Structure formats: C-alpha cells, structure tokens
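Single-structure report; data block below.
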Amino acid sequence: MSLPWRRAVVSVDQFKKPDIDEIFSLADRLSVGRTMPLTGKSIINLFYEPSTRTSSSFHAAMTRLGGSVIPINEVNYSSVTKGETLEDTIRTLESFTDALVLRHYDEDATERAVSVSSVPIINAGNGAGEHPTQALLDLYTISKERDGLNGLNVTLMGDLKHGRTVHSLTKLLRMYDVKINLVSPLELSLPRSYLHKNDTEHRELGEVIADTDILYVTRVQKERFSDELEIDFSYSVTRSDMNLAKKNLVLMHPLPRVGEIPIELDSDPRSAYFRQVKYGLHVRMALLVALIGRD
Amino acid sequence: MSLPWRRAVVSVDQFKKPDIDEIFSLADRLSVGRTMPLTGKSIINLFYEPSTRTSSSFHAAMTRLGGSVIPINEVNYSSVTKGETLEDTIRTLESFTDALVLRHYDEDATERAVSVSSVPIINAGNGAGEHPTQALLDLYTISKERDGLNGLNVTLMGDLKHGRTVHSLTKLLRMYDVKINLVSPLELSLPRSYLHKNDTEHRELGEVIADTDILYVTRVQKERFSDELEIDFSYSVTRSDMNLAKKNLVLMHPLPRVGEIPIELDSDPRSAYFRQVKYGLHVRMALLVALIGRD
Amino acid sequence: MSLPWRRAVVSVDQFKKPDIDEIFSLADRLSVGRTMPLTGKSIINLFYEPSTRTSSSFHAAMTRLGGSVIPINEVNYSSVTKGETLEDTIRTLESFTDALVLRHYDEDATERAVSVSSVPIINAGNGAGEHPTQALLDLYTISKERDGLNGLNVTLMGDLKHGRTVHSLTKLLRMYDVKINLVSPLELSLPRSYLHKNDTEHRELGEVIADTDILYVTRVQKERFSDELEIDFSYSVTRSDMNLAKKNLVLMHPLPRVGEIPIELDSDPRSAYFRQVKYGLHVRMALLVALIGRD
C-alpha cells in the first residue's frame, strides 16, 4: 500500500519502524504536560457502528490537544437513511473538519472514504478488516511496559481467527525480534496468511505461560461468527496461570472483556489492560498531531 | 458516609453547613463574569438514562468554565451491550477525563462506580436513590430568592413518596431553622424515615398556603410506580392559591411539569422555576470547579 | 414579519438586500483566517428531526469561531417523553446557552419557541415550513460562483411543490434581477403563491438548459408525501444536458441526492454542490457572529 499514513491511517501495513519510533516519541512527549497544539482544529467522529471506547478515546485525545470534536454516532437515523452514499457523506463532512475518524461495518468503507476525501481519514475499525490505531496502542503498551520491543516472548490467546486486533498486532510485531506463541482452539486458529514459520501453536496456556513476557488475551468475537457456527469454547486466565508466570509478565486485553480475565486479577500489578487504555489515548494524540498538527 | 464530597458527590449526607456556604459563595462568584478556570479539563457525561435537562446543565456548566465534555448518552447501544460491567466501563473512561457525571437506573451504580474510579464521580441521579446536585440547586435557589435560609416556612407538595428530589431537599433543609409542611395524598406521603417531629402533614394546599414562604411542587413520578399501583391523583397550584399566598412567596418546581403548575402562572413574578434552572447551572459550575479546578 | 433577524432567524422574509450584503460580507471575511470571536459562547443544537448535514454544519461553524456546542439529538428519548411542552424545554435550555438552533417536524414550532425564548432562535427547518439558512447559503453560493446576483437565468428543477428549500430560495431571488425557469412534472409544480408573472414553467430540462446560468436541482421529498399520493417520477441531469449547457453553468443541489445528479458529473468543474456545503459553513458562521458575537 503506497498511501502515506499522514494522508490516511488505513492499515498497519503503512507503518515502518521509523514511523513507529516517531509516533511513540510524540506520544511520550504529549503524555506529559498539557500543550494544546490543535486549538482551532476539529475532527468528526463518524461511527456507523457504536464503540464508546474508541470514540471516547479519540474525543478525549482531541480535546486534550485543544481541538474540538463533532460526534456523529446516530448515523442510522441520519442522512444515510435518506439514501445517501458513504462517498457523498464524506464529501459533505470534509467541509466541516480537519480529519475524519471513521468506524464502519463494511470492510471496503475506509478505502471508499479515502478515495474521495480531501482531509485525512483515520480508520477506527472497518468490519472484519483492520483497526490500526488499536494495534499501534497495543505495541506502544508493550514498549512502555517493557521498555523496548526486542527479545520478547509474546503469547496471543483467544479467538485468533476473527480478532482483527490480533491480526494487526502480529503484523507489527514481525518488525521486531519477537517470538510469538498462539493459544486457541483449532476452530479459532490464526489464519494461515498471518502465520510465521517461527510461531508455535498451542491448545493450552500452560504450555507457554512460564516463558511468556507478554500475554495478550482477546474476547470471543461472537458478533462476527456466522449464525451456523456454534463453538463451545470458553477460556480464561486464572490465578494459577499467573502463579506460573514471570514476575514481570505484562497481561493485556483490548477490552471489553467478558470473562477471559477474572476481576480478581485486576489488583495484580502485572495486569496492564487499564494502563493500555491510557497508552491508547497518548498514541491517538500523537496520530492526531502528526496528521493535522501542521498548517 | 465518610467519603469526602470533593472526591465524589454521591449524597447530600456528605455536605455540612460550611461546605454549602463555600459552594454557594463559589456559585455566586462564577455566575458573574466569564472566567475559564477549567480550560484544558474535561468531563464525561455518562448517562444510562436519558435526561436532557441534567446532562445539558452539566454540559453548559463545563463549557462556560472553558472545559470540554464527552457526552455518552447512547449507552445501551455501546460496549455495555457487549457485556461489559459498569466497573470496567468506569475504569476505561477514567483514563479519558477529569471527572465522570453518572446517571444510572440502578441505585447501587454510584457506589460501584466510586469504588473503582480514580477520578471524581458526580451522581446525577441513581434510580430511586439520590440526585444531590438537584437538592443543592434547590437549596441555592431558596437562598438566592429569599436572601438566606433561616426562619422560612417551606411547603413541599406532590408525590412525596417517590420524589428523590424532595427526599434529598428535606435532608438539607434540616440543617437550617425551617418549618416544613407536607401536602400530598395519603398514598404518596413522605416516607417515615424522612419525617421530622415538627413537620405537619396536610391533604390540601389551602391549609398552609397563607403561611408559606417557599412552595416546592413536584411531579407525580409515574415511571417509578409499580405496575399494580394505580393512584387517581391530580393536583395543581391555582390562581386562587396564589391569591391567598404571600407577596414574596417563591414557587419552585424541579421540572418537567405535567400540569402541576399551569402556564398562566409563568408570568407571576413569584414563579421561580425557570430561575431555578439558571441557579442550577451556577451550582454545577461551582461543584465542577471545587472538584477538578485545582491541579 | 416585524421580528428582526438578529433576534431570531425564522424566515427569509426577514432579510432585505442590505442585510444580505452584510451577512455575505461577513461570511467572506470569516472564511479566510481563523479568528475565534465566539470563544466562551455556546449554542444548543436542538434537533427533533435528525439532520446530520445541518447539525454538523452549525457545529463546525460554532467551533471554528471558538465557541462550543451542546448537541441534543435524541430528543425523543428525553424529557419530551415525560410530557414536557416545547415551550418549557426552550425556557429551560435558554439558561444554558447563547442561542438555540432548532429543527422541528412541526411548522409552528419555531414561532412557539421564539415566543418564549430570551436568546436568539435559528430555524434549522420547521416541517413543511422554512429552512432560511439553507436559502441564504444557496444564494451565497450563486453570488460567489458568479460574482454577483443580477442578470442571471436560474432554473429550478425537481419537486418544486414540497421542497421548502426551493420556496425560500425563490423568495430571495425575487429581490434581484433574475429570470426563473421552473422544471417539474405537473403534480410537483411550484405552488401558485410562490409563482411570479415572469417565471416560465417547463416539463423538460432541454427546453431551458442552453440559456441557464444556475441549475438548481432538488430531491423528491418522499417523506413529505401523503401515503396515498404515488408519483411515478424520476429525473436526473445527464451528460448530454451538460453538453448543451453554458461553459460557466453552476450546477447546485441541497443534498442529499438520490440519483438526480449522477456521480459521473462530480468531476465536471461546473458541479458546485460540494462547494455549496462549504459556502454554507461560512454563511452560518456569519449568522452566528451577527446574532451572538456582540456582548
């Protein structure tokens, strides 16, 4: 993909190591002190699917930087129901804003939006496609919690088939010296296209927990299953697992969780999933400044 | 309750006379001139129940002070439907904001939110529980309209059983030298736990109107009745009542009204219910500054 | 109508030529450079009918000027369902804001709101009534695209019966030396009250396209038809039409379009409908500054 990420953040494929270094440095700087470099700027949060977490994160990122946000969450009740195409909506809204944060249930929505927009588009999730800012914040969390990205043993556990978060994160991790372990039932294995020859696949967390530096757990994406598919699968990280794990393990989850990590683990200092939310705010601040901060 | 109100505004029980004096003085100061002490700060309006009046009041209070607001009104369409607990939602959103204004249909929601939140929570109504900022603005209205809170004869009329507004207000009024008259049908009497030995109970406004300084009327809270309970009860303040009342009576209502006060009384200078809305804005500005104004 | 437009923007009938000159000059000035004359001011977008385009336009206009916006879009889920009248809602919300932008499905809503409000009201569409800011932005678009408003041949095409946009625009155009052509099926003709003796009515665009300077196309307002009325009517501007048209034709549409103008015409420089959106932003900025910019 030759589209520069400063023009539109569509996929993790757009980011090379120096880009990531730059974004993470910027996130570091913006996380301390409150400068307001985006005063007078605005973004539109255009969400065709609800996502309080992601829309609030961008909203907070923008207002902390001094900018303002036009939230459009009720898309199904708006012009779209009058038969307007996504392209026309984008070409209308671009007049009102410096950037568009787009969440859409169709995988091709981002591409269609980018093809007509004169302002930067940020993909905040396109159906079964990508959610690149989530992947970047996951990577940033790892780098902050472990002070670097190389030499780590990373275990990804859960629904590795449908989780776009996991797909995007694996792509980013490939740029670093990282060993990846995959833990899932057979039916929810990582698609072959994302698999790398050094990866190992497992059915039980116990097989890898002792060596793991980063344990990344995801939710079963029931809403992305086809109706016929019924998988009887539940898993969760237990206190026993944590007892076997390293003292400096980092336990991550993109949230919301629905039982994969019990509440009793929240007080374990290795549980990083709420710190992950905060890191996400800083990464999104960095992206916004990088995309619309210069005049 | 030992929780300091600067940490979380949960109940009127947290406020002593000096606290109230301080908040009201601050409200006085903030109501004149437009300073923006909360520039760069933000709140989240997290409303599980819709309430345009209350959410708009906080929104306006925050923006007048220079801050910004992340409105989350469509909670039922968001992460919550993915099965997330209130506690996880709070722990996520606290990363994005300096305070959370929470409206919830469950009475225990505020307590649960406070138990996990690292930022101040403001209870904007928790089911049949409390609505402390409404009670504070009611008290502030009385103090502004009568230039003080002692020596007053206060009549509370309407659904005194279900109206949380009335319950909270009576608690606050007990701190001052105030005579309270209660006017309601038997089925909607003030619960015994809120009753004080000097209070008098009545079925007709006519019995007390001539002596009343403050007449506080509330709406029948039909949505809080159980289905079986059918009360054939309607009441309203009439022109005749007003003719019998004092020249400096203060007529209040938390709004919305549904017939308890006819429109023809709006032009009576003693009708204070729309001024009450404005006083509410100033009280909420004061609370926001008190909670998140210092660094 | 004797109501001054600086008090409330209700109808295009309030605007005389000098008013329009003033607003357009202000729009010109505000469109270049980013001054923030409305810092510390706020508006409420009170939308009883959804309209992403209009509400976003006002939202963007306000934030570009440094002000803030309280969006109330979910009116049907709010106090109104507790039985509150529009008048009470207005008298409540006026305490929170410097102006109210009102969209309502009832034609008499604007008048009722104005009758009780102490802050300026801007009519953003009142049922089958008016949408004056749309008409002003249409006129501004014409003046910008053609550098003036006199001596033009203007063709209005589409549903001229129900389109309030067209009704308001014709009123404004009457103030200038403009020839108006009307193209529509008989059932959707311009109501006689809007017709002027010099207007000509047509069934086919081909009869007037060659002489047209401004071609204004509107959508069939299906949602305003009564259920019984079934009109089998479709029309669209074609490439052939454009080939017959002047080199400096201006093709306009209030959007959303549903086939009246095919996408293939978007790249024609004479297609002005997306520039029209931008002009709308500038006109609304001008109106906001004119209404609430002075202290």
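In order of appearance the chains are A, B and C, and numbering begins at 1 in each one.
As a convention for this text, a contact is a pair of C-beta atoms (placed from the backbone, for glycine too) under 8 Å apart; a residue touches a chain by one contact, two chains touch by 3 or more.
All of these numbers come straight from a predicted model, not from anything done at the bench.
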Superposition rotation for chain B onto chain C, Cα-based, multiple of 5°: 120
Chain copies touching (chain A, chain B) - same or different residues, decided at half shared: different
Centre distance in Å when chain A and chain B are each reduced to the mean of their C-alpha atoms: 40
For chain B, residues that touch 2 or more chains besides their own: 68, 71, 74
Residue numbers on chain C that touch chain A, as the complex places them: 34, 36, 50-53, 56-57, 59-60, 63-64, 66, 68, 71, 73-74, 219, 223, 255-258, 263, 274, 277-278, 280-281
Of all residues in chain C, those that touch chain B in their complex: 40, 42, 44, 68, 70-72, 74-75, 77-80, 82-84, 87-89, 91-93, 95-97
